[in-house]
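Next up: the structures, one after another.
Presented sequentially are two complexes of chain A, the first with chain B as partner and the second with chain C.
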Partner chain A sequence: MLSFIIRRLGQSLLVLLVTGLIAFSMFRFIGDPIDNMLGQERTIEDVERLRTQLGLDQPFPVQYYRFLENAVQGNFGVSYRQGRPVSEILLERAPATLELAAVSGLFALGLGIALGVFTAIRRNGIASNFIMSASLIGVSLPTFLIGILLIYLFGVQLRWLPTFGRGDVVDFGWWSTGFLTESGLKSLILPAITLGLYQMTLIMRLVRSEMLEVLRQDYIRFARARGLKDRVVNFRHALKNTLIPVITVMGLQIGGIIAFAIVTETVFNWPGVGLLFINAIQFVDIPVMAAYLMLISVMFVGINLIVDILYVFVDPRLRVDSAGGH
Partner chain B sequence: MADLSTSAPTKPGRKGRWARFADSDFFYSFKRSPVAVVSFTVTMLLVLSAVFAPLIAPTNPFDPASLNLMNGFTPPMEPNAFTQESFLMGTDDQGRDVFSTILYGMRISLFVGAAAVLFAMVLGIFLGLVSGYFGGWTETIIMRIADVQLTFPSILVAMLIFGIAKGFTPVEYRDQMAIWVLIIAIGLSDWVQFARVVRGTTLVEKNKDYVAAARLIGRSPWAIMIKHILPNALSPVLVIATISLALAIIAEATLSFLGVGAPPTQPSLGTLIRIGQGFLFSGEWWILFFPACTLLALALSVNLLGDWLRDALNPRLK
Partner chain C sequence: MLHRTSALVLTAVLATPAMAEEFQWAGRTDPQTMDPHAVSSAPVLGFLNNVYDGLVRMSKDMKVEPSLAESWEPIGDGEGWRFTLRQGVTFHDGAAFDADDVLFSYERASDESADVRSWFSPVTEVKVVDDFTIEFYTNAPNPLFPASIANWMIMDRGWTEANNAARPDKENGNFATLNVNGTGAFKLEDRQPGLTTTLVPNENWWDEAEHNITRATFTPIQNPATAVAALLSGDVDFVEPVPIQDAARLEASDGVNIIRGIETRTIMLGFAHEADTLKYGANAGDPNPFKDVRVREAVAKAINVDAILQTIWRGSAEAASQLVTPALSGYSAANAARPSYDPDAAKALLADAGYPDGFGFGLKCPNDRYPNDESVCQAITGMLAQVGISAELDAMPVSNYWPELRADNFDMYLLGWSPGGSLDHEHPLRFLASTPNEEKRLGSWNFGGYSNARLDELLPSILSEIDPAARQAMIDEVTALYQSEHAYVPLYTQPLVWGTRDNIELTQRPDNFFILRWVTVN
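Presenting the complex of A and B:
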């Protein structure tokens, strides 16, 4: 058990070192960092000073080590485009993305479980069939088209909801929240639905198939035979047993939410980290790209590590397997 | 068994290739599935109209001589106020016929999608065969990379590769190279599935007697891998390729929509949607609507075709 965790931890560290190397190589080898930082008017002294300041006169491994050292301390250099420290820009943008991701995750989880249970209990109802077919179309619609569709419907035609930006935000120190103002909350609705729709359909389908599986089990039949109410059987006996796969899938889907936040933020002009990243790609702003890559890989590797370790805790069979060793 | 001698020379049971195909289980299940027939027809229609775009399109949208700025923002099926010309799907801000730009845009979308899938397929098959057949540290390294890549969503991987490649290309070549960079980016983000399936088949097949026999008569490892083992993996590979094509088309459209894909000089469907989104608020809905519908029809029909193919070729994959 302990050896499994240690090995897994070692692998995660290795992955982070490799992505770090990629991020560093991007910074070091795409264009000349000095050219990118200094404008046309520069003296040889400026160039030399910056070269020693950035440590570019050191051998490669030393430079890589310095880069990692800085990255661990949250120092990713200065954005080529904005001329400000990347960490500062990221910190400023993070609340917008995190709030959007949290709301759309909750939307996906809540509505997904509710619809999944509904379609499983009323398996052959007209409404269930309709929801299932609609979800199939929802899965094949690209995220950005869903966003545009919602903008056209609720923003252009009905004029109910704002279609870009975060609305008014309230600042708490470095964190700015849109939860406390009416326009902030209204602005969240369309992006959150756009971002969460795919995960919602995924969870709905998962809950439905797990529910159908569980509802066939003997203990459900016995519970019904004992004369328990449908509501108790469906929710207390059946739903509870479907939730473990849902939690693991949701954990892994956090990655998908982060990735597609880039798309959603672009469609809705949402001032988050994803929009920053897209702009960084468009203008080849390497420090921002490198920082985003590092941030994302820490997050993904962390999530995968936690899910893997949780699996071992939850499922004793895996413990035997890993002790047997591959 | 007496009639075997008479039938063997002429082979009366052996019909033409087409007749045998028409007689097969595969074609039977195709005929019986309305979804398959419809999605196949729609796919073929779209692919053919993309291939023959220069013949079908009323105008060449990239020939500045054929453009008339007076035709700008003409609604679909209505004569323009100044020139009295009318267009099936209207025109955009520069007076380009939307129908023609869609036909040309679909060419780029399909080309990028197909080339990316082909690239991913060749790479995945190669790495899958090598890691399955040779095993050892080669396998460990390849499959570790695959595991790591699978933890990141493929669209993110494609974006990163696109960004890095863009940084390496000199500024004056960026627009020309964008299409090729896009193909490599999407292809590299998508090889893992092919490699996994091919490796799985290879692991099973390489211990069978016919492989041992081939080895015994002295065939080279590459001949064994490609001629003997690979054919066993072809039907799952075909299924993954079809579904990947739908995903690659959507990935390309998403990247182009975000402005990190096909440049405005070579617009794909995604670029057209990006351009059209700007006119949504001012009421020129057709500039966005028709490219979006085309993309949807293309992605959906290829996707459904892939789903059907999966069920028809390999019930186990269900």
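Presenting the complex of A and C:
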């Protein structure tokens, strides 16, 4: 068991290192940050001086090694654009992204399960068919288009909701929250729907098909034969057994929600880490890009690691084939 | 749209009604620093003009006018300039302004760590005469010096030194990166880099306030569609720039005004003048045809600028004949004509130069630096094909573009130039037309290596001539020179398109600086 966990940890570390290496080799193709940092009146001399100062004249494996060396000590460098420590900037932007991800995750889970159950129980009803067809549109439209459509409808035409930003926020230490003000809550609605729509339809379809599967099982028929009420059969017996795969999928989707927040954040000018990353790409702000990519890969690798370990606990068969041989 | 309050004062803030003259505006780029000497870029200098003052400033029609200096005069026969400073001016923290602050700001802005230090390359010495008189000595008579320091902003010595920000630090930042203590019309209330920046009026400003703003918040919105939606919904009062394709639609909608003007940036084509061979396209490796002035003239005649202006710019840009626009000083009115569109003449010139069947070459172009840059290059490629020369277009993001140009990886390229600093014709002459010379800091953007001995000879005299007529005569001569040699093919001047709510009055300055003190909210 322990050797399994150690081996998984080792593999995760390797994945992280490779991700970082690929990221660093890509930075050269994004462009040269020097021209963005120096004004129109720079000389070639200034360009070379700054390049040496930033260590950009070194080959990328050396740059990567230096980054790792500092990152291990918790130092992600200083943003080329803002001239402030990257860790400070990321910490400042993280609450916006995490709150948005949490709200859209809850939205996706809540509405997804409700609609999934509804369409499974009334599988041939008009409403179900309508929801199923509408969900296809939701899946096939790209996020930015959904965002723009929502902004146009609710922001520009109806003027019910703000078109961009996070509204007023309240600070608790380093954490800033939009949950406590009216404008903060209003600002959350459109981006959360935009970000969670895809996951919502995914969960809905998953719940529906699982539910249909479960409803065919013998124990459901048996329950009905015993004369239990529909509500008890559907929700206590059928839904409970449907949720196991849903929770697994949702766990993996959390990472996706945070990583794919980039598009939503750009459309809504949401002040989170995704918007920060997009701005960093335009400016070729290598320290910010590197830290963000490492953070996202740590998150994905971490979630996968936890899921793997949980499986071992859940499924004893996985424990047998470990390397040592018992 | 993001205000920050601490949990303690939340209830008090919620109880305060929003004031009528709160002004929200959005722009494309966040000023990357609040330090006026660290970075020489339009978003930074434009923004900081609202909180800092210079010795002189630009008026609504781009004329030099007094600011912290009440008057200035040449010393002797052009050994330098003497500035008489305004008395009774205070910085935002209450400290008094005097000549020592000017001297300090000079030392700070001309330091090696300052991006703006090239403004002071002609300065040899600065002398404080008394508390309100200061002299700048220059290596040669310098008629443009007062205009060239319009964006040089004065900082307080005491505040800056006390906060360990005596020198700019762009790489690691310092106190002045996030904080402001200027003499300007507005004070910095809150600064969150990349998110929002909030300004409030400075009640103790030395000049009479024209605006009626009580609080102004700037939000960078990068996505143009989001910015347009925010303007339409009234979430912001002012947006710049408005995408050209949205301008007409916005003009038609209720509650929104579109303000159009012409910018100071000229878009042009540049050539490889020095290279011996072509580097790209079908004839890569063959001798470089662009060394022949007839070929360059053929290119100029093959491009239908009017068609580009009509189709791509929808009539909002203006054709350009030279490296500066008519709005700027030193514009050569004597050379206002540009080569006419004449494909037959272009073909004849090419045949004459020994290319009756044309040739293939590479055209480099940015795709995110100037509005419509890539579409313009595509149009040019098509027009050149009609006279028989086929360009292999390579468009790329600007962060890849400058390194390519620096490495001489082009046969022909697209360039835009806005004469920051002096806002005079001398600026592109120095950077684009002069023979590259690292030591003298000349021709640093002359990627193609254009060189003309007469132009190089006249440039120092243009820089130092005090008599405006004699100076203009030399500029006219030089302009005629680079035009006849088709060193560059000037194409057009970009439009400025701003959008406001219809209750906002403001002034659009051709350098694209948004000056908050000229805003009235009705």
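Keep in mind that, in the parts below, the second predicted complex is superposed on the first by the 260 of 326 C-alpha atoms of A that agree within 3 Å, B and C clash if a C-alpha of one lies under 4 Å from a C-alpha of the other, contacts with A are read in each partner's own complex, and residues count from 1 in each chain.
Here is the rule we go by: a residue touches a chain if its C-beta (ideal position, glycine included) is under 8 Å from a C-beta of that chain, and two chains touch if they have at least 3 such contacts.
For clarity, every value in this text was computed on a predicted model and none was experimentally measured.
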Which superposed partner A:S140 touches (first chain B, second chain C, both, neither): first
Touching partner for A:I278 - first (chain B), second (chain C), both, neither: both
Touching partner for A:V301 - first (chain B), second (chain C), both, neither: first
Chain B versus chain C as contact partner of A:N124, first or second or both or neither: neither
Chain touching more of chain A, residue-wise (chain B, chain C): C
Contacts of A:D168 with chain B and chain C, given as first, second, both or neither: second
Which of chain B and chain C A:R81 touches, first, second, both or neither: second
Contacts of A:Q73 with chain B and chain C, given as first, second, both or neither: neither
First, second, both or neither for A:T181, with chain B first and chain C second: second
Where chain A meets both chain C and chain B, residue numbers: 30-31, 148, 151-152, 156, 266-267, 278, 282, 284
Residues on chain B engaged by chain A in the complex (per definition of touch): 148, 151-153, 155-156, 159-160, 162-164, 166-168, 246, 250, 253-254, 257-260, 273, 277, 280-281, 285, 288, 292, 295-296, 299-300, 303
Residue numbers on chain A that touch chain C, as the complex places them: 29-33, 35-45, 47, 53-54, 78, 80-84, 89, 92, 148, 151-152, 155-156, 159, 162-172, 176, 180-181, 183, 187, 266-269, 271, 275-276, 278-279, 282-284
Complex contacts: residues of chain C adjacent to chain A: 1-7, 10, 13-14, 30, 32-33, 38-41, 115-116, 118-119, 169-173, 177-178, 192-195, 219, 221-223, 225-226, 229-230, 232-235, 368, 397-403, 406, 418, 420-421, 431, 438, 441, 444-445
Chain B-facing residues of chain A, complex: 15, 18, 26, 30-31, 137, 140-145, 148, 151-152, 156, 255-256, 259-260, 262-263, 266-267, 277-278, 280-282, 284, 286, 289, 293, 296-297, 300-301, 304
